[in-house]
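Chains here go by letter, A, B and C, matching the order in which they are written, and residues are numbered from 1 within each.
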Amino acid sequence: MSVLSSLQRRPEPSLQAAFALFALMALLPPVVVSLGDPFLIVVGTRMLVFAIAALSLDLILGYGALVSFGHAAYLGLGAYAVGVMMRWGIDDLILQILAALAVALPFAAVTGAISLRTRGIYFIMITLAFGQMAYFFFVSLSSLGGDDGMALDHRSTLLGAPVMASDAGLYYTTLVVLILTFVGLWTVTRSRFGRVLVGTRESALRMQAIGFRPLPYQLAAYLISAGTCAVAGVFLANQALYVSPAYMSWQRSGELIVMVILGGIGNLAGAIAGALVTIGLEEGLARFSDHWRLGFGLILVLVVLYSPGGVTGLIRRLTGRTGA
Amino acid sequence: MFRNLAHVGLLFASVSAAPLMAQAEPVKIGVLVTLSGPPAVLGEHARDGALLAAKALGNKVGGLDAEIIVVDAEGKPDVAAQKARELVEAQGADFVIGPIFSNVMGAIAGPVTSAGAFLLSPNAGPSTFAGKDCNENIFVVSYQNDQMPKVLAESMNKQGVANAFIMAPNYQAGKDSLNGFKQQFKGEVAGELYVPLGQLDFSAELAQVAATQPAAVYAFMPGGMGVNLVKQWAQAGLSNIPLMSAFTVDETTLPAEKDAALGMLTGSNWAPDLDAPGNAEFVKAFEDAYGRVPSLYAVGGYDAMMLIDSAVKTVGNTEDKAALRAALKAAEFQSLRGKFAFSSNHFPIQDFYLTKAVKRDDGVFQTSVVEKVFADYADAYVGECPMK
Amino acid sequence: MTSLFLLQLLNGAQFGILLFLVAAGLTLVFGIMDFINLAHGVLYMVGAYLMAMFAALTGSFWLGLALSLPATLALGLVLEVTVFRKLYDRPHLDQVLATFGLVLMLSEGVKILWGAAPLSVAMPEALSASIPLIGPMRYPVYRVAVIVAGLVVAAGLWWLIARTRAGMLLRAGASNRAMVSALGVDIGRLFLVVFAFGAMLAGFAGALVSPILSVDPGMGDQILILTFVVIVIGGVGSIRGAFVGALLVGIIDTVGRIFGPIWLKAIMDPAAAAQAGRTLAPMLVYLLMAAVLSWRPAGLFGKAVVK
């Protein structure tokens, strides 16, 4: 079922929500410029980058019940691909994305094949282990700066044109990539492949009974997820103009998981919302107090206790009550 | 809580104390240091030193009102890069004091300087910024990272230490530290250990040292790792081997190490009892205001603020960047360390001392000067910097 | 060299027992209540901070230890009643999010109350000597005490779970909660006790290590990951697994990072061996876990997860 055909019927609420979010994000730059705070475009870009990463994680976490605690490694690999390519003088975005995939996909294939032999908490920990190995490897790599990282002095170009040189240019490019990612993952999850994945999540035993081997589907989903996250990493490197092993730490992986759960798992629009809300809260609360983490932690606990299903659960309850 | 009130108070004070004559924009100074996570105490010292200096100046720099914006780098380079951009682009900071850590420096150097602001580092002094990546808008007020290990190596040379066991955490700063040591040390390196970052238990490493029985040990173990090493050192029965360290025994870690660190030797460009003009008053004022002994991180913050004051005073405004740069380079301010000047690569030329951990009569621990090791010591990377 | 190797083996075992003390509480809670508690690391940290506070107030290590145990127990009870109780029937991911939020709150709370600088706890006089081993190498008496404490706790837990009625209820509750409840046992109270006890164990571990390790706001994070590695290697829910897993982790990590470069020199040139040794050292624990999970996907003593 494609997005277009979905739109021809009455669109699902999730699709409506996603496009509402995209419309909001498209309007953000002109709005903040008119409010006199153009710097918020930079913050917005960060939100979009993590929205792409959260979407990638939701595919396997929400639809496949595979909680990867090492997903930030792909974010870092994508960013390092940009760093290394720039050092070699290759600034083109498309080539950098291809390089990111060329690094991330083999790593995902190997680690995925090993990790998918386990389930539950064991899967979580083994993905953590691989993430940590990637982190320590890059920390020890002095030629790429080790943990001091690499600064980039300009952004990637698209087919020779410095489209992303301005903050607004980077913002809209990232937004386009986010929309494309969403459409792609939407198609995947609504396809036969996606249904097998969800079926495997519900009961691998039954899926095997009707003739599907879970492993190839899960591995394919894992690869798609890893590649998408690496693309997010490419844009993170551009947003910060800096590449560092810190992007791969387990704390970052944990933050990605928090974003997906906070938004509401198994719901692509939820993943986007989760990233926007998390970064929005982090940035917003920090302006009020140095001890913003106390408030942020409290909000997380309250959301779990009183709004199962995260932000999308909350919205569903609100719109349900108003009968929309 | 009190910090926030102090910041708000400073802001209001600086704004409400505006003189009646036509007033230019206040000088905006950002303080971008790591205030969260395990190494937060270092950022706190630097921030407190800078704020103390501002208070001593009556919340003005160079006679103009000052607005000081404190931002947490969170120890995350990409977050710090974004916050640095916000400071200089959205909030119009003319000067940024920061960072503490070398990896954050790499991330914020570009954003701060390309917006035309000046970056003054109260602590981080990586060799790349002293050499090929030196930048006319960056001034490092503290030291170059290699200099501390060289102080200890030279001390060992003077004492005729024949062989030394050296260790550091396995990250960039650790490798730089041991390389710096080896360049200066004339004896033999009996053993070299890199310890995984964040390691808790040093019993294995200490057993190695005990087995090797070197004449001395040099260690670079910052923060919590240093506290662990020092506490476990005496327990491992190694008190007969001198432990000479950098950034391991200082006023941020001594409150935790206490008696375990007594008598341990460190290299530093400052100590609370250093006989320099204004130093004793600074230490007393800091203790009165913040309830703890200042460290060299606090001195970095304080001197950075005083340097800004001297530059703005000379130029009279914050618009003439070329004049400000020259004034900053001239460094005509009274440093808490006594003599202070910049090399052509904008890193300091200063004296370095061997210091020792001591216990005061009131039971508080601090470092104390033992002897001067280097006078007017410049860093080794001046030649690599294109600026002359 | 052999004597050094044996000493490093002892160091590794001691570090492993330290890890076991922290991991025991976590594996109990996870195994019996099927609850992922990311806040276990901060409970360990709070135990250490409470110990530092009480030791400073009373001027005595032993009094500090005696006071910090009930304090951590009380904290565990409060957390269970206010937050955790509502999460037992929720999916694991909800538990992850809620406990993550608790980690943020408790870490920041500790920093607000005690500041960001590391704290110090004095070693008790009675245990501050060191005993000579071979040659110039000495071993601190306190660490021997830690080993003894760990072994006592391990034996005590085994006896509690395998030989007492309470332990039988715990094992039954882990297998089939509904049935145990139907048989008239108050499952809610059982879980409350288990959770509070697990929290107290974590706090006890924190208090015990406070004289030898730095008490700072980062200590919870560092130990959390290692603890999860230990219980996964051992198999979730198994005390025996936690013990074996902890010893394995401690020994492999210690011996591996000291002797790894030395052994590598036999097959590579010294500089490359040193570099390889340094790069692999922090990964050893994770390589061990990956190896164990490839061979036994549910850990050494864990039950296979059936879907």
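By our rule, contacts are C-beta pairs under 8 Å (C-beta built on N, C-alpha and C of every residue); 3 or more make two chains touch, one makes a residue touch a chain.
Fair warning: this is a prediction, and the values are worked out from it, not measured in the lab.
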item: Furthest chain, CA centroid comparison against subunit A; value: B
item: Pair sharing more residue contacts (C-beta pairs) when A-B is set against B-C; value: B-C
item: Whole-Å gap between the CA centroids of subunit A and subunit C; value: 32
item: Centre-to-centre distance between subunit C and subunit B (centres being mean Cα positions), rounded to whole Å; value: 35
item: Junction residues of subunit B - those touching two or more other chains; value: 35-36, 170, 196-197
item: Numbers and ranges of subunit C residues touching at least 2 other chains; value: 111-112, 221, 278, 282
item: Touching two or more other chains - residue numbers and ranges from subunit A; value: 136, 140, 293
item: List of subunit A residues in touch with subunit C within their complex; value: 61, 67, 114, 117-122, 125-126, 128-130, 132-133, 136-137, 140, 203-205, 250-251, 254, 257-258, 261-262, 265, 291, 293-294, 296-301, 303-305, 308
item: Contact set on subunit B toward subunit A in their complex; value: 3-4, 35-36, 72, 76-78, 81-82, 85-86, 89-90, 102-103, 106-107, 109-111, 126, 128, 170-173, 175, 196-197
item: Subunit A-facing residues of subunit C, complex; value: 30, 36, 83, 86-87, 90, 92-94, 96-98, 100-109, 111-112, 221, 225, 228-229, 232, 236, 275, 278-279, 282-283, 286-287, 289-290, 293-294, 297-299, 302, 305, 307
item: Residues of subunit C that touch subunit B when the two form their complex; value: 3-4, 7-8, 11-12, 14-15, 18, 111-112, 115-120, 122-123, 128, 130, 132, 135-140, 142-143, 211-219, 221-223, 254-255, 257-258, 274, 278, 281-282
item: Subunit C-touching residues of subunit B, taken from the complex the two chains share; value: 1, 35-38, 40-41, 44, 170, 192, 194, 196-198, 200-201, 203-205, 207-208, 210-211, 213, 223-225, 227-228, 231-232, 235-237, 252-253, 255-258, 292
